[in-house]
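What follows is a pair of complexes built around chain A, which joins chain B in one and chain C in the other.
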Partner chain A sequence: MGFDLRFGWTGPIGGVTLGATRSEGGTRRVSYRIGGGSTLPFLDSNSSFSSPLIAFEICDNPVFWPPIVRNYCGDLVNNVEDWAKTADSTYGADMIRLYLTSTRQRNFSDIPAVGKAVEAVLSATSLPLIIEGSNEPKIDSEVFQRCGEVAQGERLLLGTAEANRYRSIAAAALAYNHSLIAQSPIDVNLAKQLNILLREIGVLRDHIVIDPYTGTLGYGFEYSYSAMERIRFSALKGDTDLAMPMICSPADTLTIKEVREAESAVQDEMAATWEFYTGLAAAVAGAEIICVRHPETVGKLRLAFTSMKNGTGSAQVR
Partner chain B sequence: MALKALDIYKLLPKKNCKECGDPTCLTFAMKLAGGKADVDLCPYLDDQAKAVLGATTRPPIRRVRIGVGERSFEIGEEFVLYRHEKTFFHQPGILFEVSDTQSPDEITSITKRVKDESFTRVGTDLMFSGIAVRNRSNATDSFAAAVGIVENVADLPLVLISANTAALSAALVHCGTYRPLIHAATKGNFKEMCALAKQHGCPLVIKAHQLDELAQLAKDCSAEGVQDFVMDLSPASLYEFIASSTGIRQLAITRTAPDLGYPVYLDATAGGMQDAWIALGIVKYASVIVTAPLSRASAKAALTLRQNVYTDPQKPIQMNPGLYRVGTPGKDAPVLMTVNFSLTFFTLEGYLESARIPCFMLIVDTEGLSVLTAVAAGKLNETLVLDAIRRFDVENEVSHKKLIIPGYAAPLSGRIEEATGWKVMVGPRDAAEIGDFLNEEWKR
Partner chain C sequence: MTDVAIAAKSGEGLLKQRMASFSSSFSYDETAYHLPVSYALTGIAVHDPTTAADAYIRAGGNPIIATECLLAQSAAGKEKEPAPYTGFVGDTVLRKLGYSLVDGSILGLALLVGTPQNAGSAAGICRELQEKYMLTFLAGKVVPVLLENGIKLGLEYRLIPLGSTNAHGVHFVDIIARVAMMFGGVAPGDAGRLLTYAAERAKAIVIVFPGLSDEDIALVDAMRVLGFPIISLGSYTSDAWITVTPVDAVRRGMEAKGIRVTVTAIPIPMGCSPAFEGKSIRKEEMYVEFGGGRSPAFELLKMRGVDEIKDGQITVIGPEIDAMKEGSAHPLGIIIEVAGKSMKKDYEPVLERRIHNFVNYGEGSWHVAQRDIIWVRISKEAVAKGVKIMHIGKLLASKFRMDFPQLLDAVAVTLITDKEKVLAAKKEAEKIYDERDARIKGMRDGDVDTYYSCTLCQTFAPNHVCVITPERPALCGAISWLDGKIAYEISPAGANQPIGKGTLINAQNGEYEGVNRFVKKASHGEIDRCSLYSVMEYPMTCCGCFECIALVLPEVNGIMVVNREFKGVTPSGMTFSTLAGTIGGGAQTPGFAGISKNYILSDRFLQGEGGISRLVWMPLQLKDELKVRLVKKLSEQGRTDFFEKIADETTATTLEELGAFLDRVQHPARAMKPLV
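Right after this comes the complex of A and B.
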């Protein structure tokens, strides 16, 4: 006697390609195809299914970065190239996410520097990249344009489009064939709405990664967890406007009280553990890119994802 | 197998008298089929029909209590696959493991830790749930002795882990009346295990590696007269756990496999990936999680994840609006306004306490939304603030008319001043800076 587990799903999650190898017109040593799932996360019977990607976040002006990472990484944080290289070869990330925090200075206008930072990271690592542009509508257009241009052919993931701020980033993504992150505040309907807006101005479904916004563990994570589950559920039930892969970036994790106030001897462990619990739970809810800032989180997640892959034991549920 | 609405309908009196609250017997039957009504609502059902229907309309996952007294906990009685469909009701017990090969001192100190350690978040004390004692020695005496030590230290819920029925029997002499969970009945030993569980009235873990074997074992053990089961699939990988636990939950709540309608047991001690097992256990339907004692970091993260996932998604944890005191504030003490989302309240209160400046907290009813969320949703406004000042008689509590508002509520400052006639001071955004702010801006 066996049990037949049926959920009645109708539609798969759409795929998105990140990065481009030489044969694909870029210079990356790998490219990833995320999405494609046809049931709940980690239950796909196809054992070739890839694990969630682990993206390590760095920035080009560390003033805006959590002190705990600055302490742990030391001098590296002052040099995006070395930092990106280390994230690739030592921390073992799948992707690098560069935040252009330098643009957050008042009246920032050094657009060429933006291009240089992106180029520097492109040459420091051959992993696919996520580039997080400006935070300031006034310079969005120029910043995204420049990022898109210097990385033409590399299939970047550009961040971050929001309901009231998506045109500049979409324009750059369209012009240079990059994908983009669409962020909405923890709500399945808002996520859908933004995807429709993007589609209306020409962004294709297979160029969108949904960011449902991750509240950190203990500070709103339960809402994000459920928003992700709902998005995945709606997608599997056939809503193509939500059938995109998701990204989880629990950016506030390293500044919460539990981490900030931990005794210094256990602070790194606290940070990595907090990121790990958040990232793992988000992956189970449907996120396919998990962003982290503490180097020690990368290996912990990697180990778990390996054991979460089908084929690591005899499957019992179809 | 679950009964279909039509099968149920055949068993009903067909009076269409509406006394059950439904317009017809058929609609009542449909509700019963969906587990959304109770058979007792129909006064005309005969006993035989009740017996048939009762079995299919009981909660799809049996409720099981582990331990007795204050620290005992209930598991099971869950209805959904996703917490947003309703909520998850009974959070998993997380138990620290000790072994009978450890020294009495070690066993004592781990037990004490579970008894005393608590971590307060959002006004709730989060604690681990009990102790699992493993018969690693395989000897009878040392197992009983270890259980005796634990019992002497604290009245905590226990799991007794042994394949040796003699050892279990000896241990149950110490704790048999306290409803420990016995681990585990298998195909090979279920008769003896059931006899022990029955004799002491204890819940029993049943263990098999395949879902159909487990269902069979549940049937066999029920036939022996035991009802309270917890199921262990001893998954070999995290993948196997997710797959089998999700399978069990789905098959049970849809009543496709009523014999799998019991809570799930998870051994998180295996394989050096404790955090991963625990996190997955919490989100993917485990009800009893046994782990080696956790580091402070893992302990906090695990308890926080459990708290998050098991809060009701329909209602954020809220405070009653009102005027709260920090320390013993005098008439000239500052008044700080904030929202009635518990997390916000307790975060702010924590920083105010460590700042050691007696003050008042004026809690406004934002329906449980945080400051930023409430501002974004228009749930925090000048009318509410005025209303709170009046309702809680703030004008008579203090001799000034200055109100400190959260930094994130700055856009409302003008309107609050206008509506209330109070002078508004915009505080910092981050509550961590409240001490410095009060020292600099208030004490001047």
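Right after this comes the complex of A and C.
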């Protein structure tokens, strides 16, 4: 190759462990150690680089879900356990990301139901989980407490902490030994600031995954890409406050005009393609977890990652 | 009266005797932390007399450990105390309590111990603690006293009765010890970390009623080591305990521990948000204005003692807004008095500058400039909604409390609209401004080992790093070295970081090994070297906020300076805005430097290129602005004629004219070493 693929970079990306097997105190069939890279992804096919994880997103109240996925998955979306099982065995995801969308109903107060939903998914699949709690400050405290408690020992990834709303998630992560997602609005400095806030409250660096916020390809993804690039470069140059793995969810791709207005015969193909290319771009920018909602996207991403990693496909980097 | 020191000594003796005389083994249920205080302090898992004695000796005869061991032993094999007493709190419940502490849904922890003489005031204290989001634990006679008074106890009321004796108060400490181990990463046996955690992170206070035995006093007094203030309502004499009246107990305790209730909404009849910051109020939208050359006005922020001011107090001296005619100008004095345990006098000017932002946060209020040249307007719309002068005070008081919760415990605002009183107070304020200026004025770069960075502008100029020294303020002119130092103290993770200057590399250019190292890192590896005083070699990067641009004109062997306000074309053939577009964005551009106006007055100005003798051109307006100070400075150096040798747009608009002018006045730069 003739040139140094590490570019004189000094700092590796920190590692974060997700999921816990029986021997690690949980009930998952696998646990992942993400991060740890010392250069950009897909550059060096001989390195120990592992492909990004693919997380499939489901929710406990499909009213808040993109219609294209509701149509494609059919009745599954009304049963969070079956949906999780299918994502695991049929779609072939590496992780399941459960959105507790039920908490978005007006005046939601059924906190025990939140715990039940998490427990249901925990027993339906033995993959590591990402749990997205409420996004209503009034119930955050109770929701995250409950999520953290019912999944104690499972090393969840909890989402999503933001600069003005991170204490409940941090508390749940600290109290029950989970990791968390720290999201900032496409800005390297705000990402760093949030990480510092989390550190000051006591969350360890190896329990944080950065969500730089993912715009849709064609709808501003270049801003996300640029922010990710800067986060990753800073990390590789030694900024430990940014040296965490990243997670991206191109969920917005499924509601853009091109997908909504596509001919019904090609609508799923359009959705999955759009989601795929956005997710692929995010993976190239360095994301360690790519989340998707359309089942057909999972296989596309898997194929792309494998061929890029092994240097067998045309996407090989030389 | 009981003398605490004597009683504690005697109590320690009694505890020591009892420690020597127990025999059976014991343990707590539902915990992985054994006897938590003993375990946390010494790392010893205490379960029997031998391990108890070990831990007790290892911790230097600590009364908390003695009480913990003795209580655990006396409870061993017996039924738990009946409800409502909780006794030892298991790990599961504790995890939830710890959660609420991190989460912020409870602000702190309080222990009430002893026998209240007046049930009503004890109940009042509990109610106040509930209102202030404190989680309160109770031990001893205080429990029946409250129950008889109809107070509901239990976790859901945030009032937890630990046990019937004062010694049960030790559970308060075992809870904090476990929170430190569970949430704070404190390893068992790491006493140093535990004490630091307890003192800095655990927001805990102890309120003591009368009726404590010597042993109880020894226990409570030992909690001081953990940084818990002991608030005394009993007949105890001690230098270390804080004696209070029941009405004051909670406030004094929370103050002593620095626990703050946060302000969330500002009760004024207009919106208040940074979103309104950039909105100006034009003359036709304005109801009334203050200052801006139309009337005397000033602002001043002063530090006071905590007992000298009342938090949230707003005073208006002189006519209110309803006595002011639409479109008129009135005098105004804004005086902000602040108090706080960690507040320092040095912070005054830095905080004072925030008045500008805060007033602009108001939807219908507008503010420019600072000190005694401020200009404030209130809009017609705001006045129609009922905004009064008083509300500006409320806005300021609330915003200061919200934005500096760690720093300020109390903020009081006085607004003066009476002309005579404004003039009198302004005179006082001017004295204070002068004192402040004098503090930084005499400072030299060589006097300090630490400079400060500013990376505030990295939001839009990603690799820009300002290095601020006593003699070279930030290029925006808004942050002096002192401001940088203070900003770092107030917010240690903020945009102003200390830079150890390290080994000198080049004295003339002001290049230091430590500065280079910092700049390299802070610029994300983009910039390797940075000289503080040179425009030619490795100049500092530029964001976009610079007050002025200094640039080399090789044709005349000199350097010109242009300020942002100058709209014309400079002899370089470019306007300020063209130049700014060329050099900004965080790049290092040899031959160009962004500088503040005050830097022109510094002895370090252009040092790398031979000093101020290189200065050949400045816009007239900038010359006028600096004239008095610059001429004074030059004449101190015996160069009375130099100021007149600096060209401006009236004497030279092109390089040819500039060259001719410089020759005519025999400008020293013409004879200096060639710049390139």
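A few notes on this one:
We take it that the second predicted complex is superposed on the first by the 298 of 318 C-alpha atoms of A that agree within 3 Å, B and C clash if a C-alpha of one lies under 4 Å from a C-alpha of the other, contacts with A are read in each partner's own complex, and residues count from 1 in each chain.
The definition used in the following text is that a residue touches a chain if its C-beta (ideal position, glycine included) is under 8 Å from a C-beta of that chain, and two chains touch if they have at least 3 such contacts.
Because the structure is a prediction, the values reported are computed rather than measured.
In the superposition on chain A, contact is made by A:T273 with chain B only, not with chain C. Once the two complexes are overlaid on the shared chain, A:F233 sits against chain B and chain C alike. Once chain A of one complex is fitted onto chain A of the other, the partner contacts of A:F221 are limited to chain B, with no touch recorded for chain C.
In the superposition on chain A, A:M308 makes contact with chain B only, not with chain C. Judged by the touch definition given at the top, the superposed model places A:V30 against neither chain B nor chain C. After overlaying the two complexes on the shared chain, residue contacts for A:V63 are found with neither chain B nor chain C.
Applying the stated contact rule after C-alpha superposition, one finds that A:A171 touches chain C and leaves chain B untouched.
Once chain A of one complex is fitted onto chain A of the other, the partner contacts of A:N189 are limited to chain C, with no touch recorded for chain B.
For chain A, the partner with contacts to more residues, out of chain B and chain C, is B. Under the contact criterion defined above, the residues of chain A that touch both chain B in one complex and chain C in the other are 230, 233.
Chain contact summary for the complex, chain B toward chain A: residues 82-84, 121, 209-212, 215, 233, 235-240, 242-244, 246-247, 250-251, 256-257, 260, 271, 273, 275-276, 279-280, 282-284, 295-298, 300-302, 304-305, 307-309, 311, 313, 343, 347, 350, 370, 376, 432. The part of chain C that touches chain A in the complex is made up of residues 95-96, 98-105, 182-185, 201, 458-459, 462, 493, 521, 524-525.
For chain A in complex with chain C, the residues that touch the partner chain are 141, 144-145, 148-149, 167-168, 170-172, 174-176, 187-189, 193, 196, 200-202, 204, 230, 233-234, 237-239.
Interface of chain A with chain B (complex): residues 1-3, 5, 7, 40, 42-43, 185, 217-223, 225-226, 229-230, 233, 257-258, 260, 262, 266, 269-270, 272-274, 276-277, 280-281, 284-285, 300, 303-304, 307-317.
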